[in-house]
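Structures follow.
One chain, chain A, links the two complexes that follow: it is found with chain B in the first and with chain C in the second.
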Partner chain A sequence: MIGERWTAYWFVLPGTVLLAAILGFPAIASILESFGLQGGAGPAGGYAALLSDAQFLTASFNTALFVVCVVTLHIILGLAVALLLNSQIRHLWFFRVVAILPWTVPDVIGGLIFRFMLDPLSGGVNALAIRLQLMQQPYDWLGDPDWAMVSVIMAETWRGYPYPMLILLAGLQAIPKEQYEAAAIDGAGAWATFTNVTLPSLMPMILIAVVLDVIWQCRLFGMIYGMTNGGPGDATQNLSLFVYRQYFQFFETSYAASAAVVLAAVLLAVAVPYIRATLREKD
Partner chain B sequence: MTAVTIRNLNKHYAGYHAIRNISIAIEPEEFVVLVGPSGCGKSTLLRMIAGLETVSSGEIEIVGKVVNEVPAKDRNIAMVFQNYALYPHKTVFENMAFSLRLKKQSRDVVDRRVREAAAILDLGPLLDRKPSQLSGGQRQRVAMGRAIVRDSKVFLFDEPLSNLDAKLRVQMRTEIRSLHQRLGCTTVYVTHDQIEAMTMADRIVVMNTGVVEQIGTPDELYDRPANLFVAGFIGSPSMNLLEGTFATDAGGLYVDHEGHRLPCIALSAARAGTDVTYGVRPEHVHVAVNADPDRHNATVRVVELTGPDRIVALDFAGDTLIATMDKKTPVATGQKVEVSFQADEAHLFDGKTGSNLNSERYASNGE
Partner chain C sequence: MQHRRGFWLFVGTALLIMAAYNLTPFFWMISSSFKTDIEVTSYPATLLPQAFTTAAYARIWDQEGFVLYFINSIKVSGGTAVLSAAVGIFAAYGFSRFRFQGRTALMAMLLITQMLPGVLLVGPYFKMLSLVDLYDTHLGLILAQTSITLPFTVWMLKGYIDTIPVEIDQAAMMDGATRFQSLIHCVFPNVLPGLVATTVFSFLLAWGDLLWALCLITTPEKQTMTLGITNLVGQFRVLWSDIMAATVIGCAIPAVFYLMLQRYLITGVAGAAVKG
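Right after this comes the complex of A and B.
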């Protein structure tokens, strides 16, 4: 019996080594880099400097604001679309395909598309708004710090909602039909059924969708890079872009690595409870 | 006024005629059981009464009001589902309280009604539990509790006991029956188990492939099955059915089965030559073990002891006959015996339509 158990470990070994190498090497390299062990900053690494760097603090705030808004909108929009797609409408398959399309757009390209659409001279958004007489003059949306943030949030809301939507749709489909029938017999209308049957049964799925989306949106790079490149100024710069700029524009490798490690640590703090909960359910 | 009236009801699913022109009148306080083999349309009919399925044609009336267009939530019926369909995230108390809360009943009323129901069903100590912390039988009770806290006109049950083990099932049968006696609510109860139907029902509706085969009290169905289907479905062990032909001799009309003369009641001699199915309940197969060897016409193949009776399988003229016998009569496998039948205990079914020919006589007896 003991022999068999050890045999099992031998089978797992090659995979484990491979994973450790792939995941572990860059992680360790980043951490070493952040302490300047490959030549660079002092013993506290870039960490001390980060705390007093206005750019880093702005990027952190931008990331938090962006993530909270996008994830909230994703869940609301995703739930609404999932509820529609879970109903008995005609040509359901067609709507399902259409609903998933935004997810197929690569994020940098999604960013570029929105940048073109919002362009003050040639963009469709301004042209349409003027034609509908919502405004007289074209406006440089992405040149205005506040509207630029609103724009990237809207763009990512559109591009990224299908993923949480699919998770919620799967959750909806797993709710037994009898639950709804029992509620109807008990005299529940649409809203009472939604709050008493749908929402409580969907809660675990909503949690999963929130956690995965938070992780995803914290790391978001391509969409913002393609759309505003963090501008105007640093109005839409998030942590990913901050790390990118430190590294590739200012060549502050150790400093960039410190910021990357901070971001990774925050993500880990979000991910670990989720992974533990998932594993516990399997038991 | 009847509690539930169903008139010429039909249900068409895409390309499948699931309910075929069914009419039933259910009296107030009556306990009616819909019984039939799996897939015959029992659940569909019940769900149409509940408002969970649309009506293709015909009418459903509940306490004097046609409800075809009334949504389930406004029909004020109570229903117990086969898998109970309890709300998994609500406590037992909240499961039962839900319908009352939706009706905006005061906190005191909700509390009192739920506790009353819980007392009736012995659920008192379980009120704070979630459904996942209950046994199958307890969940069943909660499902019933959810139904009885409301002042419903009609109770609907869809195979509520089929997920329970045999012992609990028998116990719950009695409990549901006595609950019905206590509350006096009109009940429509679906099951595929004819024993359940026979033990619980005031009246039974026997269904088969979307049609009603017969409606009657358990005794009526047992003693006077309208046709071959009901005869074979009701009763355990089931009725023996022997294929034969009507013939006449000096003694009058009889049924010829493989050269054996089976006695039957006097019907028109004009039937001679037509096909018939001869039905005898196991308790009406008379087995004589000490008969004259010349009169032996059957061989004992299997002997089963089941409680008070002995159930015996016999080889008779190439068929298997099931007979119930007194335990005291000694009988052994391989033994030759004499089997006989009595004309007034035998059921005769038309060879073509399967309808019971005896019913002509029941009618003439004014029954």
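Right after this comes the complex of A and C.
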């Protein structure tokens, strides 16, 4: 349309300027800070120090372990529940509502609920386990480094799985009915239909769910802050918590920024295929 | 597809197990919030409150100032949602209806910014807000939250506007309407359900945040719900009945909103991820 060349810019300008100010500026400031431009160890000094920092390496390992376990469980549970919700059973609306409920809980609140459930003195888990005679004494789950990690994974598995489930459910509903009918005519059983029709059609959606969930879980902060605050020791401290501590408790701002940039770089690397695919698909 | 009765029995049982799994933590939270402060710390724990009381709610609401935190959270989340929607609708319209130089680059930036971790931004943000005297203010927190909600608001709204036929705009402009008028009068009414859904998602994202409030708010009277609940635990004596009552209140708003938006959840949240 004639004379419209500049109109587009007027529409996108306010949003772009606002984002540049509130997002672009801090992001660039963070990257500059990570190179220690305000004195300190010199360029890239923070990055070199990270590699020999046992706390950072533990936090990286914790993040990786946590994300792999949580995302795997999310996809398995999410796929199972999505399949159930995709069936034409009666009273489905009730289960649909219940299925998304955990995800509506703010993550720090989820962490607090689980922290109380696992409380050594008055928590429900110990009470139940003792009543079922699974153990004799109450146990301090969150005081044990290994069990603390298992507990945090379990808590986030519960809270977060409806998100990939919703993505997978959308994928299931997009599979054409004809494909199932064709499989039925060929005499395929439930399992054969699942592996030959459902799973291949759903694969792109599973990949999307994995990528987006990995990004969410890598950034997770409130759940762990509320549940264990990274403890005991640094047994459940992930990278988000590590950066927060370095910045706001030890005031090692340049060092914290280096760790944050590393985390951001990993997330972007994970997201690049998704971003490219999304942009290509759209236009 | 025809299924045997055994199949439905299996599906029904599995769904019931799912419901029990999903609801157990809620049950524990709600049950504990109605216990007395003695019962909630007793050993072994009781399943249901022996002496039903709403004392915990009264305590946190009046004495601990949760009525204030609640209002603060509404203010901050509401401000974030309205700001994102107001700015986002124009940008979304621009991206949806025009092909201009730098469009793809800007859209790629929108996607990339959604991947950035909050901890990358929160430090510089803290310094930035101190410089412009917005540290420890709700406005500062709203701007910070908007940096998260605005990119996905634009992206989701663009998806909704894409589904509205261009012919509607063109017809309006044939009749002499400007671009702006055609957005307000033709696109806006059609995109309203999507706009409401997007706005509520922004609201809930801001509502659930802890990191930004933790780093940018220091005055106790300015705390949000999540920050207030977290600080309740940090105190010397952990009173779980009070904390559980606070979490019930903190969960109630998101739960009600999400359930109202159920219809949009699949097309909205998943759709944003799926259709882009």
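Just so we're on the same page, the second predicted complex is superposed on the first by the 262 of 283 C-alpha atoms of A that agree within 3 Å, B and C clash if a C-alpha of one lies under 4 Å from a C-alpha of the other, contacts with A are read in each partner's own complex, and residues count from 1 in each chain.
Going forward, a contact is a pair of C-beta atoms (placed from the backbone, for glycine too) under 8 Å apart; a residue touches a chain by one contact, two chains touch by 3 or more.
Owing to the predicted nature of the structure, the values given are computational and were not obtained by experimental measurement.
**Student:** Would you check which partner chain A:D186 touches, where first means chain B only, second means chain C only, and both and neither mean what they say?
**Tutor:** First partner only.
**Student:** A:W216 in the overlay: touching chain B, chain C, both, or neither? Say first, second, both or neither.
**Tutor:** Neither chain B nor chain C is touched by A:W216.
**Student:** Just checking: does A:F114 make contact with chain B only, chain C only, both, or neither of them? Give me first, second, both or neither.
**Tutor:** second
**Student:** Now for A:G124: first (chain B), second (chain C), both, or neither, which partner does it touch?
**Tutor:** Touch status of A:G124: second partner only.
**Student:** Quick one: name whichever of chain B and chain C touches more residues of chain A.
**Tutor:** C
**Student:** Just chain B (first), just chain C (second), both, or neither: which does A:Y247 touch?
**Tutor:** second
**Student:** Would you check which partner chain A:F56 touches, where first means chain B only, second means chain C only, and both and neither mean what they say?
**Tutor:** So A:F56 meets neither chain B nor chain C here.
**Student:** Does the superposition put A:S201 against chain B (first), chain C (second), both, or neither?
**Tutor:** first
**Student:** If we overlay the two complexes on their shared chain A, which of chain B and chain C does A:W141 touch? Say first, second, both or neither.
**Tutor:** The answer is neither, since A:W141 touches no partner chain.
**Student:** If you lay the two complexes on top of each other, which residues of chain A touch chain B in one and chain C in the other?
**Tutor:** Dual-contact residues (chain A): 184.
**Student:** Spell out the residues on chain A that touch chain B in their complex, using ranges where they run on.
**Tutor:** Those residues of chain A that touch chain B are 176, 178-179, 181-189, 192, 196-197, 200-201, 203.
**Student:** Going by the contact rule set out above, which residues of chain B touch chain A in the complex?
**Tutor:** Residues in contact with chain A: 50-52, 71-74, 76-79, 81, 83, 85-90, 98-99, 102-103, 146, 150.
**Student:** Applying the document's contact rule, which stretches of chain A touch chain C when the two form their complex?
**Tutor:** Against chain C, the touching part of chain A is residues 1, 4-5, 7-12, 14-16, 18-19, 22-23, 25-27, 29-30, 33, 80-81, 84-85, 87, 89, 94-110, 112-117, 119, 121-124, 126-127, 130-131, 138, 158, 163, 166-167, 169-171, 173, 180, 184, 190, 205, 208-209, 212, 215, 218-219, 221-222, 225-226, 239-240, 243-244, 247-248, 253, 256-257, 260-261, 263-264, 267-268, 270-271, 275, 278-279, 281-283.
**Student:** Show which residues of chain C lie in contact with chain A when the two form their complex.
**Tutor:** Per the touch definition, chain C meets chain A at residues 1, 7-8, 11-12, 14-15, 18-19, 21-23, 25-26, 28-29, 32, 40-47, 87-88, 90-91, 93-95, 97-100, 103-104, 106-113, 115-128, 143-144, 146-147, 150-151, 154, 173, 179, 204, 207-211, 214-215, 226, 229-230, 233, 240, 243-244, 247, 250-251, 254-255, 257-259, 262, 265-267, 269-271, 273-274, 276.
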